[in-house]
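So that you can tell them apart, the chains are marked A, B, C, D and E in the order they are listed, and the count of residues begins at 1 in each.
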Amino acid sequence: MLYRESGDFKTSYSADQQTFPIRLDRHMVYGILAFAFLVVPFLINDYWEKSVLLPFLVWAMAALGLNILTGFCGQVSLGTGGFMAVGAYACYKLMVAFPWLNMFVVVILAGLITAMVGVLFGLPSLRIKGFYLAVATLASQFFLIWLFNKVPWFYNYSASGMIAAPERTLLGIPVTGAEAPPWMTYLFCLTLVTVFAFIAHNLVRGRIGRSWMAIRDMDIAAEIIGVPPLKAKLSAFAVSSFYIGMSGAMMFALYLGSAEPSDSFGIAKSFLVLFMIIIGGLGSILGSFLGAAFLTLLPVLLKNIMVGGFGWPPDLAAHLELLLIGALIMFFLIVEPHGLAQLWRVTKERLRLWPFPH
Amino acid sequence: MSPELLNVLEVMLNGLLAGVMYSLVALGFVLIYKASGIFNYAQGVMALFAALTLVGFQTGQIPFAHVINTMFGTHVETWGPGVPTFLAIILTIGVMVLFAYLVERVVLKHMVNQAPIILFMTTIGLAYFMEGFGDLMWGADIKTMDVGLPSGASTWFETTTASWAAEGSNYPGMYVDMLDVSAAGIAILLVVVLTLFSQYTKTGRALRAVADDHQAALTVGISLRTIWVIVWSIAGCVALVAGIMWGAKSGVQFSLSLIALKALPVLILGGFTSIPGAIVGGLIIGVGEKLFEYSIGGMLGGATENWFAYGLALFFLMFRPQGLFGERIIERV
Amino acid sequence: MAEPTQDGRKIGGTLLEVKNITLSFGGVKALTDISFDIKEGEIRAIIGPNGAGKSSMLNVISGFYHPQQGEVWFRGQKRASMRPYEVARQGIARTFQNIALFKGMSTLDNLMTGRITHMHKNLFWQAIWKGPAEREEIAHRERVEHIIDFLGIQAIRKTPVGRLPYGLQKRVELGRALAAEAKLLLLDEPMAGMNLEEKEDMCRFILDVNDEFGTTIALIEHDMGVVMDLSDRVVVLDYGKKLADGTPNEVRNDPAVIEAYLGVGH
Amino acid sequence: MDHQSDTFPKLLNDNAQRFASRVAMREKDYGIWQSWTWAQMREEIVALANGLAALGFQRGDKLAIVGSNRPRLYWGICAAQCLGGIPVPVYQDSVADEMQYVLEHAEAKFVIAEDQEQVDKMLEIQERCPNMHHIIYDDPRGMRSYRHDHLHDFTEVQALGREFVKEHPEYVNQEIAKGQGSDISIFLYTSGTTGKPKGVVMTYDNIIMTARNSANFDKLTQYEEVLSYLPMAWVGDHIFSYGQAYVAGFCINCPESESTISTDLREIGPTYYFAPPRVFENILTTVTIRMHDAGKLKQRMYNYFMDVARKTGVKILNGESVGFSDKLLYSLGNVLVYAPLKNTMGFSRIRLAYTAGEAIGPEIFDFFRSLGINIKQLYGQTEAAVFITMQPDGQIFADTVGVPAPGVDVKIAENGEVIYRGPGVFHSYYKNEQSTRETKNTEGWVFTGDAGYFAENGHLKIIDRIKDVGRFNDGSMFAPKYIENKLKFFPHIKEAVAFGHERDYCTAFINIDLEAVGNWAERNNVPYASYQELAGNPQVYQMMLKSIEEVNRSLASDKLLSNSQIHRFLILHKELDPDDGELTRTRKVRRRIIAEKYGVLIDALYNGSKQCFIRTEVTFEDGRKGAIEANLHLMDVPTFTPVKEAA
Amino acid sequence: MKLKKMGIALLAAGLMASSVPAMADLVFPALSYRTGPFGANGAENADGYLDYFALLNERDGGIGGIKIQTPECETEYKPEKGVECYESTKGSGALLYQPLSTGITYQLIPKVTADKIPMLTPGYGRTSSANGKVFEYVFNFPANYWDGASVGVKYILDQEKGDLKGKKITLLYHNSAYGKEPIRTLEELSKKHGYTLKTIPVDSPGQEQKSQWLEIRRDKPDYVLMWGWGVMNQVAIGEAAKMGFPMDHFIGIWWAGSENDVKPAGEGANGYKALTFHGVGKDFPIFKDIETHLVAKGKATNGGKNIGTALYNRGLYFAMLAAEAAATAQKIHNTKDLTGAQMRDGLEALKLDKARLEALGLPNFAPEVTISCENHGGSGLVAVQQWDAKAGAWKLVSDFMPSDREIIDPLIKADSEAFAAENKITPRECK
């Protein structure tokens, strides 16, 4: 209905394979980005920052990462929480050891460190496949959490074993710590997520992305046409862990401000991110965002409606919330097993064909 | 025998018994996976739900009392003294069968031919749903599970083993929990019953056929959907057994659902499709993690069991990627 | 050296040679002492009844199976035991008996994946995209577009291959192998399961590929008629052993072949 | 335009300077729209011209163009004209024999063929065309093993030209300068409903002046986008995609292939568009069918807003005043229905669309106009270089074809025939003095062969071919085409043939539209295995009956034609097909052939029988011949008493 | 299109925190956790907390005549949810936060300081926040984990007649930040008292403790201290009982001292001890008020089914501390409506003596509490309670004993100073 594609034709390959080939999509994305970068910072307050926007951005980053591994390369991982912890602790150690280091650099370095750890734990994927791999990645989840709990060096021997983000500034404005204004942390995360979402898109549309997808769709055929499985799988683990590490770093330094391994990065987080990409859509960048939005916003929404709106006792609401989320997840998987991204694709297709049904 | 050796034996014995407890949970996973290819993450929550239901019947709780009270401002809690344990178990089995039926009707029916990971995720959704549902139905407080199983240290075993130790070593004897022993007994019974069931009943044979070939099963004359209901019912009963055992250890509470995490390494080690695998896997994991904690864990600062179980399973997988007893994955071009 | 055939194609020297290949799976012999060669520019067929070891032979050449005995010589050099992707990088491409396309990708992406051995821009450039990576992508896109044009699959360029009918999938798979611009193209039953029209199309494509690009082709086929029309030389396998080797005419008149293959009334 | 270049090569030079960086041509190829600016296109054409010269192409030589709309073939036309040669575009779907006649008749020395398929045809007829020296092909696919000395790859010819120009740098420029407006520019062969095709000889003045006049009439600019998909041999394409493009400097877009035209149309979104009525009809049919599949709510929305559009859309387009609420409703409809609909059809950007060749159904005409698509009718023929009459903006009527085009005089001869003269009037029929004299009198008036009259508002109305207009036995007028058109306005009727000349009453053959009726069958669970079975279905008969009754009702109200009500009809068991000679290539009914072939059926229609057996020869797509047999039902239709006062 | 916009507007509205109480009320947000693995404990605690404020509203018309609002927010014991709860309630004029989770406490420490809303974490949270000079808005009186550890050892010392030389004490702890809290104190104390300390971690959730308890069985320690949480407690107590470990030598921290922890073990748990910093049982006058003003009117939270449990009493006590501080603040600032900073002043001037407790209907329920600007941690008086399985009730078996300040104060000082240095906080001067 909204699409006017007539006359929107491509005269070069670079136009044909651009990120948003349809003009309206492009304009919509520009609009959303402009809104997110130029308008939201003026509207944001603590509540929106901490309850809605930062969690969304942090989880979107993690979902991007896991989607690269699971959605694009077909390797199911339940070690996300552990890798986020690596990112968080790497970030903490870097912040403490190099207080002068720019926060962007810190987060990216934390991601790189996580990428290395990811490669290490990705090695079994060469032999183990499917659910066996999924469960095997739990080994990394449990081991990493145990490690960060056990080795005091990671938490700088603090009495409690908690790590807390010291204040760091960017352009003279605090970006971590309690004094950081909401718009600053928001913009920081938004910038990272935006940039790396585009990078993720670039990766998946090119040679590397295709080698991942080839492995995902049919690994033997992929190898026989010249995709080295070792390189493809490990690069997927590396890139995926890089993103997850950054999200862990963001979660620790900007969103929560402090962290403790089992509370903040437990196995529940691994499942949560996996859910995000499945509800959102495997193998879809957009899906990562939709999934993250769905699963971070839905509970807040349900809670506000049930407790705030209907005035039900919080415990009842909490149980009901769990029940509803479970039911909604099942409902979505039944209705559209390929996730919200597919739902959007179908909707878009219908809008493009409007008023025709097909 | 030296006390050290006896200590090792004691650790191993307890490891074996702990392993049986893991197997009890893993068994439910295997049953469903074998028949339908669904990796049912909700198995742990099913155990919790079954245990909650059992206790609820035993103590005569009114389901959804809290909801009713909130909505109508009443103060109902129980409807009476509860029913005898045996009857409660029967009733609970009934509930689990009903549950299996509903799961098939409402959820699985729509999920035929979906990718395994989607099915897996659906069961996690189911797990969330049941956690919420169980809490709403029976309340979130911790309940005591008592079905009259023996519990506590076996003094007979303690004194017997104490005599094995060298004179004067002041060895107290080996510890073994009667609950664990009875769990092992029940597990054996369960496996025997399941084996007999699958060997000597028509339904059982159909189940085996389904595991081998979905098409073939249809020719046996039982619809796939019926088979799914049966399998989920059986898995529900297995979950009830696991719930009773684990509930007796820790009380019936939310954490009971987390036993699924203890069963996962057992599963990958034994193979998703093998009932003997679930048993042997459980034993290996149980002994392995206990021995590791006993011998090396302390040096690493302890609490190694959680990850070591997975590490051990991973180690086995490197040699057999389909698990010890799993069906061999054949790669074809 | 090069001798033109009657229709003006050039057949050159030996491109690939297998020598005394023996392959067994846990005691069951799939191939016994097989030797033959493939000359540059020719269409070489491997035929034989079901279970004759044709696919195993192809799998040996493409590095998926490693024979217990025997050697594979490619472009005049003895080949070490290789992983399949290394074989691909040497310039051997193939299709599969049961279509092995990447179902989640579009036709275009499947063909682009075929060019993976020719693309080299690293992760960094890929991440930035604008610049070298995009240029490389476009350069290869152009070549792939020519293959799309060649195979007449423009209309399904951006369709996910999972949605295509069987015949088209086969064509896309051929396209993917072509995209690799390999020296040697192995086709595993390219016409299996096709109707007459599709078979004719596929024959045309195979001949055209050989003709236009001068690609050497080795193919396995069940349909004797097709093979005889298509190929320059035929090797016949039966129960893992070589029965005959020669031009279609020679093979057709070989008594052993008649006995083992034609005699059974296919 | 201050300067008045009088030949296309000169216009090309002008455009290459005026619009150097504007895109002159695009072609969908290798997945994207490959583009050439005017400057680039000139370079290509000049290289080709030089190449042709190098191969020995002389002034006055003929260059046949065989193939579908490809840039290179268009370049071939201009390249030949550069050298003072005469391009002869040929209908590409003609079989070899038909081509042979044209090529031989035109004495074509050079051929530019599109691909292997066309080259094969050329090679087949080569021996019978002794003049044909060189065949140049555009697409080398599959032609590696062709070993013929006179076969040239297009790029090789251009390469040859680029060499040639080094030695003769001024040759082509000189040749271009030699050309003048009165020179022959092109031969356009008419398909001809009867007999052999005639080669219409056109001068540069004919084409260029007509193109210029019409471009001014409709204010065409260099910003237009046109999709060229109609046969290059047809005068319409030559004017719209060549003449007007060179004059106005706008861009021509060639589709990827015939099968992708609708996609390509949608992608390009032309601003200026020509299509025969049947194309618009097909579009409407498709729209209707696709909307049938939509949900209830959507259908109701669509129907509601289409009603709104019919009420106000046409008025808005005609510049009439419309109430505010209607305007508001229309703009809402525009968001929800019209604009998306135009988008899916590829008409979002359309500024001007023309239709001609046949009468267009008023419903179809109004449908498009109510959506805001400025579709107009024109009346023309090859001999006039298209334009005889055109509809000026704001004076659009479905049943008339407009006022005389700029510079054209039109009048009605005594016998009712429309005659005209003007700048576009053709030079002559090639090698056919007699026909030329028969068609064009000494004063320059050309006989159209159409019967028509001027309505009160000064617009021309065409009834039928003058020779087809017959008389019933009672002496009243019988205009078969008029009746057939009325029938064909129903979406489920694809073709109709009316009979009645020298008979007592009117009868008709009906061809069902497989797409429309098939869709209906699917929706109503009517099983059918073949076209024949569907055509014979009693329910289908009932459907047709209803439509024909409606036609009768409307005919009854026309005082001239009330006698033409259809009394009996049958549904043909096979589609009328150009391959069987039943239709012309432009899908006009060949009455004589049909009358011969289906004489049995016609007799049956008049002898009152209820059934009739028929056996027909058919030609299959691959050229094989066969026969089909059928037992057809004949059906009576109620007729109405003529209304005295025409409504 | 329009639908979509409406959807977005609805979504935005739904995401906004919707409860905005009248500003005139005193707001004490209740961050509770009633679901998840620890939900059973959280529910009891929250019931006590809410009931006390409800009682004040019903009986006294609030504090100083101003009604109290207690918007409840479910944290699920998760840090992120806690932060969300904090952000969604702080705008409504919240006076004091009691997050009931150490994890959430850590998230909130910098935030409450920035927002100038005091936070009270009795018996949990960051131990070194007892230093009021550094932690201006964070309070953790009346006792913290280190007090607990110290008093635990002191109680053992009393049991062993003042001599711990050669004795073996084992700490069984939840392998998390919380569980590791007492280790340093116990190590320091072992140096002082000469006992051998062994620490055994249990990984969360702790359903399987065979290894740990076999180890304890082999080691035969004289005492086992337990820093457990959730299912770990129930399993540990069960295992101890089955192995025949003398239950009266098994002492848990106050978070391992609820009815929930002991009941599943049945008779076996008899004699198990736990630390506490407040009284147990229903034997206080205030429960009569609760009965008449709440239960009878159907206003008790959850139908009053948790009244009198250890954790209910704790919630009650937490609420009472808050209410008293608010009353104090009202007195100091001579205003009815309070701000966060005024509330802080109230907390710092809080004085709860025997008389006041009696007046509140809680005679001898807890030791005296005196808070000051420097001392946000209170006196650290802790008692021991013991489980009587037959009666199904806890009873106090010791007095409220002071912790070993010699050991603890330097630890607090060191940790808080490190925190100050790390976060560039200049400790404030206290008048």
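Assume contacts are C-beta pairs under 8 Å (C-beta built on N, C-alpha and C of every residue); 3 or more make two chains touch, one makes a residue touch a chain.
Note that the coordinates shown come from a computational prediction; the quantities given were computed from them, not determined experimentally.
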| item | value |
| --- | --- |
| Geometric centre: closest chain by C-alpha means | A |
| Identity of the chain that, by mean CA position, is farthest from subunit A | D |
| Between C-D and B-E, the pair with more C-beta contacts | B-E |
| Longest centre-to-centre distance from subunit C, chain (CA-based) | E |
| Chain centre separation (subunit A, subunit B; CA means) in Å | 33 |
| Separation of subunit A from subunit D, taking each centre as the mean of its C-alpha atoms, in whole Å | 57 |
| CA centroid of subunit C to CA centroid of subunit E, Å | 73 |
| Whole-Å gap between the CA centroids of subunit D and subunit E | 89 |
| Shared interface positions of subunit B, touching two or more other chains | 66, 131, 135, 140, 301, 303, 306, 333 |
| Touching two or more other chains - residue numbers and ranges from subunit A | 1, 13, 146, 149-150, 220-221, 224, 313, 315, 319, 321-322 |
| Subunit D, residues touching no fewer than two other chains | 31 |
| Subunit B residues touching subunit A - in the complex, by the definition given at the top | 39, 66-67, 70, 107, 110-111, 114-118, 120-122, 124-133, 135-136, 140, 261, 264-265, 267-268, 272, 300-301, 303-304, 306-307, 310-311, 313-314, 317-318, 321-323, 329, 331-333 |
| Contacting residues of subunit A [partner subunit D, same complex] | 1, 3-13, 15-16, 353-358 |
| Touching residues on subunit D, where the partner in the complex is subunit C | 29-31, 141-142, 144-145, 147, 256-257, 259-260 |
| Contacting residues of subunit E [partner subunit B, same complex] | 34-37, 39-40, 43, 175, 199-203, 205, 207-208, 210-212, 214-215, 217-218, 230-231, 234-235, 238, 241-244, 260, 263-264, 266, 268, 298, 302-303, 305 |
| Interface residues, subunit D side, partner subunit A - complex | 26, 31-35, 225, 266-269, 287, 290-291, 293-295, 298, 301-302, 335-337, 339-349 |
